[in-house]
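Here you go, one structure.
The letters A, B, C, D and E name the chains in turn, as written, and every chain counts its residues from 1.
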Amino acid sequence: MTTTEHRVSVWPWVVMAVAGLVTFVAAMTVSPDVVQGQLSRIMYVHVPSAWLAYLAFGVTMLGSAMYLWKKTLTWDRIALASAEIGVVFTGLAIGLGMIWAKPTWGMWWTWDARLTLTAIMFFVYLGYLALRRTTDDLHARAKRSAILGVLAVVQIPLVHFSVIWWRGLHQAPTIGKPEGPSMDTSMVVTLLIAVFMFTTMYVAMMFKRIELAKLEDAVLVAEQTSSGPVAGEAVSAPDLMRGS
Amino acid sequence: MSFFHQVMTITRRDLLRERRSGEVLWVTLPFGAIALLLVPLAIGTDAPTLTKIGPGMFWIIVMLFGVLIAIRQTNAETTAQRDLVALTGLDPAAIYVGKSLASFLLLLVFELVLGIVTIALYDVAPSDLGVLLAVFVLAAGGLSLLGTLAAGIVATGQSATALVPLLVAPLSVPLLLGATQALEAIQLSRSSLSWVLLMTIVVLLLAVAGVLSARPLQETT
Amino acid sequence: MTLVDLDKVSVRAGAVRILQDVSLTVSSGDAVGIFGANGAGKTTLLRLIATLQPSAGGACSILGIDPSTAERYDVRHRIGYVGHAPGLYPELTLLENLEFVADARGIDKAMAGEALGLVGLSGAAGRRTDHCSHGMQRRAEFARIVMLEPELLLLDEPHSALDADAIDLVDGLVHRTLDRGGAAVLVSHDRDRVNSLATRTHEIKNGTLL
Amino acid sequence: MSFFHQVMTITRRDLLRERRSGEVLWVTLPFGAIALLLVPLAIGTDAPTLTKIGPGMFWIIVMLFGVLIAIRQTNAETTAQRDLVALTGLDPAAIYVGKSLASFLLLLVFELVLGIVTIALYDVAPSDLGVLLAVFVLAAGGLSLLGTLAAGIVATGQSATALVPLLVAPLSVPLLLGATQALEAIQLSRSSLSWVLLMTIVVLLLAVAGVLSARPLQETT
Amino acid sequence: MTLVDLDKVSVRAGAVRILQDVSLTVSSGDAVGIFGANGAGKTTLLRLIATLQPSAGGACSILGIDPSTAERYDVRHRIGYVGHAPGLYPELTLLENLEFVADARGIDKAMAGEALGLVGLSGAAGRRTDHCSHGMQRRAEFARIVMLEPELLLLDEPHSALDADAIDLVDGLVHRTLDRGGAAVLVSHDRDRVNSLATRTHEIKNGTLL
């Protein structure tokens, strides 16, 4: 395997930086919410993060399903990359949510259904990543994690509808509502910009992560085809007399 | 040989082993019952609260022990035993269904006994037995399919066993949701159909996933 | 007729190489003896042939199929494998253990008791497996072979833990299999016994077949 | 060789095995945490209720899994392994204490992690950390001693397994009661001394019972 | 000096009589070979002598004490027993397994690695036990004997699953034990090997020693 196959591209970093900057500026310049005040600015990162997590885990599901069908490792890498990025975004949503929760609800965390289910979703995909560590055999790993990757997706609807199924503290849908968003248009626009920027960021991250995954797999393959230690050589003829 | 016959072979084996070891009947079941008995002790007996949390408690216990029941043998199975089963040439899909079926039956018993304890302890009056039964069956089915599938996913090495809870518990949320909401619905004599449907869908999903993944999973072990 | 054909097959556990470039052909009528030091790779080779151990390279053909494909489910019932540890459920009786196998293979359950009788365990048929001595458990494994009459015998140290009578039984099993046009691979440290039984023998050293 | 050294030998072995299999850390602990997470979903989210039942839930989970943790290895132990330990000539009493100590440490971790989850989830504000710590330590100690004792009985034969719940249930009640009541007492800033004392007595009783029964139990294997 | 003295000892499992009126004396310098059919009671006899199997009648004296009393805890460290199944923890490495024993016996842990070297396993010392072959695990068991140098060796089918080198090791161990004034009881189906090793042999038949 020649190294030229593994050009390390730089542009994704640039894209991520730009997208991040634009989101920040947008979130800071828009006029704050009447009720929430400055705090509402957190929303422009909190909500897109959550939605991007959905997107990422959705892509993981697709990649997994495609792997089970096509049995090509490319799909497995897509699933992995997306899951890992999704975990990051979920973590971001939770983290920001907690920062937001402290002043608004007066506590970092509470028993609210959406919070709980978001946390569980976070753990399941951590589990997905952990599951991948339990074997070095590329296809065994892909198969096993693919099954989970498909099943775990049920949590997206769970998290999304949780606010309806269990009445809790957390904001009910204000944008996703059928009768149009019940929010100031400038806020909606800013939110949409943020979401768009986050999506481009996601795409860039995917490129980076898949690139890395290729390298990792290559290393594994190399290790497994290289002339490693021979198991049998560990055993030699005993010489008891050395002891006496 | 017919798929059904293969399934029954595995189910019979598992039930026979259970009858000998009595693990579920004599350890898991009493523990579950004790857990339910201890709850009032722990949270201080106060009738309205108990009635409120009763069904929830019941489902939590069923959920936890259901998984323990469904993954019990896999942890115990030795390489020699796995080899034996593999060389009988049984279809992995049949093995999956057979194992699930055995766990399902055990879980049903588990649910019924604990259900009685719950009713006695938390005086929750069960209404609309039809729906109740449907929910019990679906919950038991879902949990056993899920547990068996998870056990299969991780049946490769010790390190993998670690992931069973991470896989199972969260994925059982929709089952838990469906079960609790359906029962709440019949309590408030609202329609529980949508929740029963939700559970049915989850069960079917798990069955399909398990059957389709049975071979690929066995190949990797 | 060729039953087993391995061409430069390797087996690895992660980075560790267990078998390397093993080539072996077993045709009907062959009884191949395999010798080698502890940890050389004999059991691994046997499990590889039994389609229980995935290979990491090379070409395998077992009973005419490629074991890395799903076809292996169609040939596995023609393989008779007896490993180090007994493939029995300790909490079941010997009879129940054999009946399970008969059941799984769609054979009349009565054959199970019969087979136990043939290996001299009719008296212990109803005894829990974990109440049976090591040798009795080994015998029960061979009862499985007697019952299923597989074409390809893969025996890992077949003579260990068995008394003289049982050893004759095993040798008889091998001969009957060969007479039926089957084949056997015998892994052992007991060279004399296997030499007298095998039509040909190989040495395995540090994962390479000599 | 000193009793203490013998104890530490067993404790080190158990902790090393746990580190390898990661059973407690990766199976039991997540299960417990997830159970706590799911309770609110199951019983319908309603702040006052949750705050009321929060501590109780915590103790129920600790109780159930505590016993599972304490009896975990014995179920897995083979005759050969038991023979090995027996022939090292280690004093059965030391083995009992050593096993209990290992379980105790694992349980303490378990309690701490779940304690944090509980506080986060049910916003119960812990006051008087001194008593809290004492209760945690006593509960962990009692459960590990109890579980190890039960495991010893199990090890004597399959049939005995049935006894475990019967043995554990009654003995765990005073522990549970003591723990919950002590914490409630400090919530209401009443004196929790009597409850802490109750727990201490139970722990001491269990320790004595375990040490005295260690030899007779081993003989029967 | 008499190390083992059994007088009309019986062992039962519920209603089943496993050993009946077994009388046996083993003095220092003795290497007693025990032969018998599968299920005759050899392993039970060995575990009885190892103070691991309670007797149901008769008088036992092992290393001068009555094993039914608590005194047995004072002599057990002088007994070296190797059974059918390896007494090892699969999730630990071979070295860790031996270090545990060394620790339990208050011996310097360094001896563990040394002993593994002496049985030819220094290369596999860091390998998980369940990743080691059957024979390697047997060797590790004998490494325990090498390390502890017990007075009374009780070996159940000592030669099975071992390659030629390891067999010499076992025989060497027995000889050294006898030279140190110890004794050995060897249960086996391999009469030739044990005959060449034993100072005297017995037959056991349906639980009675002939």
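Heads up, the rule we're going with is that a residue touches a chain if its C-beta (ideal position, glycine included) is under 8 Å from a C-beta of that chain, and two chains touch if they have at least 3 such contacts.
As the structure is a computational prediction, the values presented were derived from the model and not from experiment.
Shared contact partners of chain D and chain E, listed by label: A.
Chains touching both chain A and chain E: C, D.
Using mean Cα coordinates as chain centres, the one most removed from chain A is E.
Simply put, of A-D and A-C, more C-beta pairs touch at A-C. Ranked by how far their CA centres sit from the centre of chain B, the chains are topped by E.
A straight line joining the Cα centres of chain A and chain C is 47 Å long. Between the Cα centres of chain C and chain D there is a gap of 45 Å.
Spacing of chain B relative to chain C, judged by their CA centroids, is 37 angstrom. Each of residues 13, 37-39, 54, 84-85, 91 in chain C touches at least two other chains. Shared interface positions of chain D, i.e. residues touching 2 or more other chains, are given as 20-21, 30, 34, 38, 41, 44, 158. Annotation for chain A: residues touching 2 or more other chains are 117, 120, 123, 137, 233-235. Chain-to-chain contact here is organised irregularly, matching neither a line nor a ring nor a star, and falling short of all pairs touching. In summary, the structure contains touching chain pairs A-B, A-C, A-D, A-E, B-C, B-D, C-E, D-E.
For chain D in complex with chain E, the residues that touch the partner chain are 1, 5-6, 9-10, 12-13, 16-17, 20-21, 78-81, 83-92, 215, 219-220.
For chain E in complex with chain C, the residues that touch the partner chain are 13, 36-39, 43, 84-85, 124, 131-136, 138-139, 157, 160-167, 189-190.
Of all residues in chain D, only 20-23, 25-27, 30-31, 34-35, 38-39, 41-44, 46, 49, 52-53, 55-57, 59-60, 63-64, 67, 158, 161-162, 164-166, 168-169, 172-173, 176-177, 180, 184 touch chain B in the complex they form. If you check the complex, the residues on chain B that touch chain A are 149, 153-154, 156-157, 159-160, 162-163, 166-167, 169-171, 173-174, 177, 181, 202, 205-206, 209, 212-213, 216-217, 219-220.
Taken in their complex, chain C has these residues touching chain A: 12-18, 20, 37-41, 54, 56-57, 205-207.
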